[in-house]
Amino acid sequence: MQRRSLVKAALTAATLTAFGATAAFAENPVLKIGFVGVTSGPAAAWGISNQRSMEARAAWINETGGYTIGGTTYDIEIVSFDDQKDPKRAIAGMEKMAQEGIHYVVGPNVDDGAAAVRPVAEANDIMYFPYAFPKELYSAPASNAVLGMIANYQSGPAIYKHLMDNEGVKTVAFIAANESDPLSQRDSGVAAAKELGLEVVSDNVTYQVDTTDFTPVLTPILRTRPDLLVLSGVSPANAPQLLRSARELGFEGMISTETAQDAGVLAEGAGDLANGFISVGGASTPELASPMMNEFVERYTSMFGEYNDESNTKVYALEYILETLKATPEAIDDVAAFQASMDGFEAPNPYMNGDEKLKYVGMTSFGQKRQIAVPLVVNVYQDGAFETMFIARVD
Amino acid sequence: MANGVYLGSQYAMIALGLTLIFALMNVLNFAHGQMYVIGGFVTYTFYGQWGVPFVLALFMSCITLAIVGALIERYLFAPVIKGSAREESTMLLAAGIAFLLDALILLIFGEKQRGVPKIVDGVFNWDFRLIMPYDRILICVLAILSIVAFIALMQYSKTGRALRALAQDRTAAQLMGVNVDRYSMIGFALGAMLAGLVGGLLVTITGVNLGMGGPTSIKAFMMVMIGGAGVISGAIWGGFILGFMEAFGLAYLSQYGDITYLLIFVSLMIFLAIRPQGLMGKPWG
Amino acid sequence: MTALIQVKDVTKKYGGLIANNAISFDVAENEILSVIGPNGAGKSTLFKMIASFTPTTSGEVTYQGERISNLKPHIVARKGVVRTFQETTIFKSMTVRESVVVAQHLRAKASLAGYFWGSKTAKDDVTAFEKYADELLDFLGMSEISNEQASNLPQGSLRALGIAIGLATDPKVLLLDEPFAGMNHDETMNMVNLVRSVRDERGVTVMLVEHDMPAVMNISDRIVVLNFGEKIAEGTPSEIQNNEKVIEAYLGSVDDEIGM
Amino acid sequence: MLNFSKTQIFGVAAFLAVVFVGVPLFIAATGRSDFYFTLTSVALLAIASAGVWLTFYIGRINIGQGAFALVGAYVSAILVVKAGWSFWISLPAAGLFAALIAVLIGLPILRLRGVYFAMITLVLTQVATLTALALPITNGAKGITNIPLPGAISIFGIPLVPDFSTLENSRMAFYFTATILMVITYAALYRLVNSRLGHLCRSMQQNEELASSIGVNITYIRILIFAISSFFGGLGGAMFGSISQSVYPATFVVKDSVDFMLNCFLGGLGYVFGPMLGTLVLYFGWDLLFEFGKYQMLIYATLLILIIRFLPNGLLSVRFGKGGGK
């Protein structure tokens, strides 16, 4: 109950405004898309970037006349629910979505929430797009969850491999917050690193999310002198402090994470000490961003005052939902049709230059296509902005 | 070692504010962490955003929090304490205030992690045996100075004496002619101000975000418990002990990996069970 | 007269401080025995050790030959040795009658589960408790205030309530903690009569710790005098009145008190 | 002893009617079936809060109920998933295990009072979460997922409870299960408080020394009450695990412990049904304020502060004067 969904509140307000505005000059039928995630508390930034990117996109669509699916033009309404990172609330949120007659929901942001909403989602015919990595969410018999991003067990190996090949990284150390998600991510990261033949020199150091001084936590890990330090599942709030402490302690190796980060936060929190920090992004770097991406960023910024680079990866889920519905109009209230169409779905990726495609993947990891194909763009932070390091794909 | 001193000094300041409020009014201020966060955001806004000199920004944090604290005491805590059958009811009020401040923080300052430029660059490195960035040293010194100033205030000023009398025995203080209502308010404002001051100091190192409030409150509670509730020396001891525990404990216990914190918390529980009054406190109940 | 309670070489040390040093005396059945002494003589500590509210450092207290020191207070109470407190220690938000009913806990025949399910024994217990509470309050002359909330009572009635709570447990020995403190002459005399009737009519042995010399002289069968943690005298009121050590101790303490 | 006044009987009857008939009818009429889960949550949280209230009744501020709810959730999950027990047997087992833990932990810590007890229970919640993260049997960070729904119960071939997984509307089934449990819990709590044990608790709440001087074994009663309290916590937690079909270390955290305590404060510490009302208002109130969007939290907090400012003894103090059982 702490820090209730202030953020959610913000999101909802924005939704209402967006909705109100639409209702004012367009009388289109409304297509509701849900969001259940954490928009308050220490992890608020994750959910907020999610919610805002959805709202920015929805407002954009509505302003330009709506979204046409099967001959009907809809206005898009985003219905948001702050689960406060509490699985109990997440279930309530999913129930609320069912109540609203919503069949497509983005979120939740964390493992326990994503697992807790599964019974509700499956009972109420809701497809949901969590930002959580446990494989059992996406593997049969689970049917309704679609991984909304690239899992760390997919991006991790790609990053480690790249660094091994190009930077001569031989030893790696992991550090994670003492919470479910980061620990799970660390464990799968460690397994992946070992498989690649990297030497894992430290994998059991953890910190509490409320840590204010990371020096004592980092000291033992840095003593092992790894070539690469992986911050498993690091939250945007902790990342700058970890970077700063590590560099101040004289660490000169590479630092990476498999989650998305915000350049502004890094710049403020760690300044130049964040240079060289490797993280995962969407189509954020100038050479990759399509004009549509740039417009999106612009609209987002004017709507909420400030862009969040994490949104680069979070703009996709809504686009996937809409594009798939467009391709299979009957799926609008028939989830089975949606699922059936996932195998063959393909559409151009509007946010990236080049001929990238939107499609569902995940056969290798889950045995069924329950993941959206987002280009795995690995970024390096440099002086306040991200630069592309390399791009990879997931199957 | 140096890290212990650094962590300890900031923890001690947080704990001091909390323990002061507790001693004066028997209120466990759940909103203490939120006050700390506000302090951080105010300094961030003045120093980081508007380029006001750091010291002035810090001063603004103190003033803001002192005013907030005074208002909260005057219009919320004081009447509730008078009207409630069991004084623990103030815990609900404190929690309500924590929610309210959280809501305000989100609306005013947003959800992102915020940080300000370093006030001093560079790292003090003594042969790799002692590594300490200069800004930490500076903050640590400032924190210790503040603590010393606070103690001096409590010991030697008229206000300090009145507050101490009040903390010891409300009724007796009243009989001695201390204006209880007024000094409760001053005390609360002072406690809140300390929270704001630490928030302002630390924003230069750890940054600030709206999620820090709750965990900070809980940490502060633990420090106060270790040292002994409502005792100033206890808060300082508690702060330093927790600071050292984190600084050393993590270094030595890190080999146990994931259960490091479990060990720390369990030992804390055992300590409290054996010595419930903390190090310096009197049994209370 | 046989010794009901025997205090044998009881010593209490707090760190290096000796609060009681090898105190010994007996309390006979059906007598009123007072322990007196100047401030800081160790009366309260001794009292607490007898009721097992604090452990002894060495020595022991027996009741009917059984050790009652260094146990839990409720066990001592169950054996029949019950203490009262000074006036602030009451059940603040219960009425007088409720307090007395609750205090009959020791007499309960039914188990706690029996009470929960409302067994026959439990119902009988409750009826019996309420009846006895009324009797007891009547006996103590407190019927009129039986429905008053304890926190609203004047000081004198609080003291009586304390004794009522103690008596409700149906004790063999009642230990009274400064029953006359802060009372004026009339109130003291009422209390003296009350304590006496407790002994005379209910056969309760009374041991009390007190300051008020005239009242103690009036009420006690025998008196034990402590000073600086040592027993300096024991005897009937008249013996004590003429004991030089006692006079010296009390004069000395008066000086001390003035000095403070 | 069961001499209820007519008003009381009427009140209880009205309450039961609302819970078991009114709510389902209302939901059927409005189609707001999401209320089932919200109200189920309220019922379960109210059960756990009842436990916290009980520890308040012996004068202890308990911020550790989250720990026992977590224990309950894990015990039930482990018994169902790893040992293949029926959920209905694992439910009381979860409560009993939580009670057992409470006895072990209560022995040293129940000597503490006031804020000290409050703090140590707060730390206890942290310890529970961290233990769940560290133990192999709890599956550590990965939690326990895919917990089957409660199965059928039948006695002598007569089906009493259907298999939840075959039900079309398991929400309603959970709602009834949770509310029945809640009604039983509060009936038990009411009996307890108004029986001799309750009187002894009250005597301890007001003065432990005096209570022990009249022969009350305060250690025993403290432990007993703490165990009962934790039993309720374990029960509520186990039910929750079953609804979400998953348990994680973060299923119950410090925030939940604090919430349980606030529910009691808000409803009123002097009233048995206080925690139930408090839970309803705090949990459901938040959902109702959903419409206010951005300002939801602000309004919620402001209302909370106003309530405590003007009704410092809890919501129920409006209706009843002082003290009193119900």
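Read from first to last, the chains carry the letters A, B, C and D; within each, the first residue is number 1.
Assume a residue touches a chain if its C-beta (ideal position, glycine included) is under 8 Å from a C-beta of that chain, and two chains touch if they have at least 3 such contacts.
Not measured: the values here are computed from a predicted model.
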Pieces of the assembly after leaving out chain D, positions unchanged: A, B | C
Most central chain, Cα average position: D
Distance from the mean Cα position of chain C to that of chain B, given in whole angstrom: 47
Centre-to-centre distance between chain C and chain A (centres being mean Cα positions), rounded to whole Å: 72
Whole-Å gap separating chain A and chain B, where each centre is the average of the chain's CA atoms: 35
Between chain D and chain B, distance of the C-alpha-averaged centres to the nearest whole Å: 32
Where chain D touches two or more other chains at once, by residue number: 130, 133, 140, 255, 258, 262, 294-295, 297-298, 300-301, 322
Per-residue multi-chain contacts in chain B, two or more chains: 95, 99, 102-103, 106-107, 214, 218, 258, 261
Shared interface positions of chain A, touching two or more other chains: 1-4, 6, 9-10, 40, 178, 183
All chain pairs that touch each other: A-B, A-D, B-D, C-D
Residues of chain B touching chain A in the complex: 3, 6-7, 10, 48, 95, 98-99, 102-103, 105-107, 110-118, 123, 125, 128, 131, 133, 202, 205-207, 209-216, 218-219, 246-251, 254-258, 260-261
Chain D-touching residues of chain C, taken from the complex the two chains share: 51, 53, 72-75, 77-78, 82-85, 89-94, 98-99, 101-103, 105-106, 108, 110, 112, 115-118, 122-123, 125-126, 165-166, 168-169
Chain B-facing residues of chain A, complex: 1-4, 6-7, 9-10, 39-45, 48, 178, 183, 203-213, 215-217, 219-221, 236-237, 240-241, 248-250, 262, 264-265, 268-271, 305-306, 308
Residue ranges of chain D touching chain C (in the complex, touch as defined): 1-2, 188, 191-192, 195-197, 199-200, 202-203, 206-207, 209-210, 212-219, 224, 322-323
Touching residues (chain side chain A, partner chain D) in the complex: 1-6, 8-16, 40, 81, 84-88, 91-92, 95-96, 98-99, 110-112, 115-120, 123, 134, 136, 178-184, 187
